Amino acid sequence: MNFASDNASPAHPKVMDALQKANEGFAPSYGADPIMGEVRDCIREIFEAPEAAVYLVSTGSTANALSLATFCPPWGAVYCHEHAHIEVDECGAPEFYTGGSKLVLLDGNHAKIDPADLNAKLQGAAPVGVHNVQRGMVSITNVTEFGAVYTVAEIAGLAAIAKDWDLPVHLDGARFANALVATNASPAEMTWKAGVDVLSFGGTKNGLMAVEAVVIFDPAKAWEFELRRKRGGHLFSKHRFLSAQMQAYLQDDLWLTMARDANAAGKRLAEGLAGIPDASLMHPADANMIFAQMPRGRHQAAFDGGATYYFMPMNATLDGPPEDQLGARLVCSWCTTPEDIDRYLELISG
Amino acid sequence: MNFASDNASPAHPKVMDALQKANEGFAPSYGADPIMGEVRDCIREIFEAPEAAVYLVSTGSTANALSLATFCPPWGAVYCHEHAHIEVDECGAPEFYTGGSKLVLLDGNHAKIDPADLNAKLQGAAPVGVHNVQRGMVSITNVTEFGAVYTVAEIAGLAAIAKDWDLPVHLDGARFANALVATNASPAEMTWKAGVDVLSFGGTKNGLMAVEAVVIFDPAKAWEFELRRKRGGHLFSKHRFLSAQMQAYLQDDLWLTMARDANAAGKRLAEGLAGIPDASLMHPADANMIFAQMPRGRHQAAFDGGATYYFMPMNATLDGPPEDQLGARLVCSWCTTPEDIDRYLELISG
Amino acid sequence: MNFASDNASPAHPKVMDALQKANEGFAPSYGADPIMGEVRDCIREIFEAPEAAVYLVSTGSTANALSLATFCPPWGAVYCHEHAHIEVDECGAPEFYTGGSKLVLLDGNHAKIDPADLNAKLQGAAPVGVHNVQRGMVSITNVTEFGAVYTVAEIAGLAAIAKDWDLPVHLDGARFANALVATNASPAEMTWKAGVDVLSFGGTKNGLMAVEAVVIFDPAKAWEFELRRKRGGHLFSKHRFLSAQMQAYLQDDLWLTMARDANAAGKRLAEGLAGIPDASLMHPADANMIFAQMPRGRHQAAFDGGATYYFMPMNATLDGPPEDQLGARLVCSWCTTPEDIDRYLELISG
Amino acid sequence: MNFASDNASPAHPKVMDALQKANEGFAPSYGADPIMGEVRDCIREIFEAPEAAVYLVSTGSTANALSLATFCPPWGAVYCHEHAHIEVDECGAPEFYTGGSKLVLLDGNHAKIDPADLNAKLQGAAPVGVHNVQRGMVSITNVTEFGAVYTVAEIAGLAAIAKDWDLPVHLDGARFANALVATNASPAEMTWKAGVDVLSFGGTKNGLMAVEAVVIFDPAKAWEFELRRKRGGHLFSKHRFLSAQMQAYLQDDLWLTMARDANAAGKRLAEGLAGIPDASLMHPADANMIFAQMPRGRHQAAFDGGATYYFMPMNATLDGPPEDQLGARLVCSWCTTPEDIDRYLELISG
């Protein structure tokens, strides 16, 4: 019953098998391994984007920061939700990689950007020429940090506002698979068809050891990205071990299967919580992250029974009146079982 | 009747005289000129700070950005008002000079930081270790961008909150002289005695051609500042021309005289506006910047009569219904005359 | 017969086993995994440095760049050999991470820094105060890029020169294990006892998939390093997979065994080359990298027989007169067999 | 007899008059002053470049660093002479402004780039794709740091090598006027007609208080330059005081007159030195900087008589055997008189 994060989960056995298989003999380094060629082709096919540039890195912060730096100049503003991962969880990696751009923070429920606020902030920006930072880029996160999922239409709506100002659009898809299966959208529909220029295509949280792809739909900036990746220390010499993970991820739709399982666990958990009178959801249970409030005593019972997860706010603790409401973030992963969910529900119902 | 900005005003004749006088023969370059020695001594005396490090630069953005960079690491957050000059008017200079720190924006009326908001933001920051940017620094602007003046007690209150977290405090004093004469505080009271660590001590807006001093009260970081100044291209070879301006500024309290004159003009303007029934102040008229609303038709009359100033918001125009209220920023300078004010009031009263 | 690079070699089977073992169930993320605790203890013991800070990253460029950035300010000069990896093979990662420091290039045979040149460059640096970049740091590479190995005394000699100017010393130990077994020095002797402040402790080139440790002997800068690592996107969420590799590496001296095997292969190769009359070594065959010149025709025969490696200079090719001398870099890895060596020698002897 | 530097000299009286004249009443700020419009037109005419973008900054380091940053990416190498001002005298400003590019140092007598070395370094650069920094830009200094002057043909020759690789060319013209009058070239011939893309057009060393122009011949990057200037803190609010200096500089060819006077003083000095048997020139006396060796005793006599200048190397002193040769840098400025020269020659001849 570990709901701390999907990044606390193990890698899928098929991923381990792929690593083992990739470990035979010598292989060209720095991305010239033959597996990477296959991965590139596969991602282009999945995304219906035969020209897309495809790169692998090992962390989500890296995928995001390199994407932003490639598309936003140092004097540009990145428009994102105030609870976006790039704002709150990356220790300023976007500012570091972009050379000091500014994140302009947007409102919106459930960590989804309010289109009206995006529009207003863009309208109001930089009225006096050189004195302000310039409009630079829009970054959207799907699944959001609060577990909500944008529909394709919502992403397209935000991207359209960005395009009014000729701004590129980044999609932070650390949980892209979970968003896809939640919406039944195709990868192309969720990305370039909706106006996304560059995608952080997550793998680590969804069953890989440590691989994210960056997909750049217009390859004009591909070489710049490669230089930024190398310069950031993110080009792996034994790159085949990234390639192999991603290949296993894509094969036979393993990535979608794992996301479906994680989302199903999330749904089961949300439905169970609905049956507990003094528990309530804080955000829509669209995917695999469930945010719920309930009396502290219920959390105590869960922890006593071996459950692990974070409270909301994250610095809250079990110390305090047992009857007080206390928020929690419960993250289901590809390997969360129905039994895990049921056991947890049993504990907090006790 | 130019109220566009105090930086549209000329330099004081005594400043020009000092430049002329400094232009005789050869002089050591890069700050080794004898005038700079006298300026340093004079500023230390004025601030009752015999150990302070004192440097001259030519723009306010530079004074601010170098101050922030010297005291805040790249991964630190600078807490400032959402309307602070460093946030809205420097094209990201703070981010550039600090190596990508993040400005955390605070609320508060009249561009004065709300202490409760500062406290809350600091309390809520960085609960999860390395993932967030770290608490870095607090930057206060006096006079604020909306013309309000912090009292010494208010500054001390904000600085005390900063000190609870061992954070250094920067004071953006682009209009420091105006703030001083508005409060009758001494330079020391307004700065280090209130908890300020580094001051941007403005001159350009108050009668100089282009000089700001940076005063660092604890000189431990002085050498780092010197390197940052040089590296930023801000160390003048013919430095005597900066020194001479600052010397003239300080001599016989010229700086305070000019600020008093500017503030008096502001007061005369505010009092005049009080007599116009459909005009109203948007912010306190504490110093030399007056923010006022009145029907557009009154602005039209003023512009027809030769007045110049910015509207609020800055992209507003004279096009529109004459009866609609329209905000304006009216900045008085050291050379704004009572006649200028009276003529303006006459025009808008017509 | 792949001598292209040790980073084209596979991971050791024990490393794969360790990954498999680490992949059971959930684990705390971001370095809080229990394996990391054991790794830290183990490295501290191996280095006789109970206070050392120990971190894992996934590439050598990262280990180097973060080390330099933590110890050298943006206005500092990093003194290194003109053929150092940080200068020629990292696309400016040191400049990026340090915020723009300058690499000052030193001479010396076999990519070993000439102490006299280091001394001269440090003596001559920055005679005029703020105008130059300042003396910042010394970075030494062992094994050098040309396969030579510094003795402990040589490292201590360079570090002593650095200490004359109070400069920190970095050791790029991408092939640290190979250097150790070549000199029979202990880890402590080769590092902190010789004056090294921070070590890039390589693993990837010597049998790991992608792990390097950074060992900071005085932990005063540990927290800054952690922030820089996170901010650079280099903190792994599923960190256990880095920890597990390093644990397997250290267990039962696997790292030293692999380095001994690689060095033995190098020695066998060098000895074989000595028997070929028109072949000659370009650099000392101290470890696992052999640089040799021989007629192009011999290289042709080797490539025809299936060998792979780089020429020196790297843009040289097999096109040209077969009798002309052509340099080559032949890198042996932990899994290079005596049979590989003998087969290669046979091919070029034919 | 101050030969320390041309930047120790005063401003020309006409420049002071222009400042005085510009100080009347209010003026639009941040470069919108009418004088700037005239200056822009004038520079375009002088350079026969009707489309050129023209900007003013206050220091030479700024002009250089902004020029480099605008034309060279962070991962680009700037090829320059090992004694170039950007390498040795700007505390890393180029690295700071470019975001960490690398200066690749070239050989050549008298601080003039050896074309063969430029060609060789460019040929040899980056043979292995993403691993190296990329070829970025070439920067040439005329007058060189050692007082030599490139002919137009020499500049065109270097620029042609740069163009073979599609690299932009920067000309550091801190002493551009001196180079022009030394060669009788026109401004256009020395710059864009020879292949120069961006020019640091010096004024401060040649009779201004503190103004340099940046001239960008293809204006495609003009807006980026403006943002970089503002972000660097280099956009003056009371910009008219920069404009007025530059206007006076250009009017009636004052800039060329001053340079002619300085060069003539240099020539007189060089000719006088030729008559002293144990004195010798270290570099060609092409312009206003004379580098000469003579016995220390002669320097002692000069200093005893009131002369001031730097020795070569700069940390050399008067302490030592009077008969030993000691180098000196003797810089003549626009206001160095024949009497100054003759008096100096008399002192050292004594």
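Chains: A, B, C and D, in written order; residue numbering restarts at 1 for each.
By our rule, contacts are C-beta pairs under 8 Å (C-beta built on N, C-alpha and C of every residue); 3 or more make two chains touch, one makes a residue touch a chain.
The structure presented is a predicted model; accordingly, all values stated were derived computationally and were not measured.
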Which listed pair, A-D, A-C or C-D, duplicates the contacts of B-D in over half of its pairs: A-C
Pair joined by more contacting C-beta pairs (A-B or B-C): A-B
Length of the line joining the C-alpha centres of subunit A and subunit B, rounded to whole Å: 42
Centroid spacing, where centroids are CA-atom means, of subunit A and subunit C in whole angstrom: 34
Between subunit B and subunit C, centroid-to-centroid distance (C-alpha), Å: 51
Residue numbers of subunit B (touch at least two other chains): 74-75, 90-92, 96, 99, 130-131, 227, 230-231, 235
Subunit C-touching residues of subunit A, taken from the complex the two chains share: 2, 4-5, 7-11, 16, 19-20, 23-29, 57-62, 65-66, 90-93, 96-97, 204-205, 209-210, 227, 230-238, 241, 308
For the subunit B and subunit C complex, residues of the former touching the latter: 30, 73-75, 99, 130-131, 134, 224, 226-231, 235
Sites on subunit C touched by subunit D in the complex: 74-75, 88-92, 95-96, 98-103, 105, 124, 127-128, 130-133, 313-315
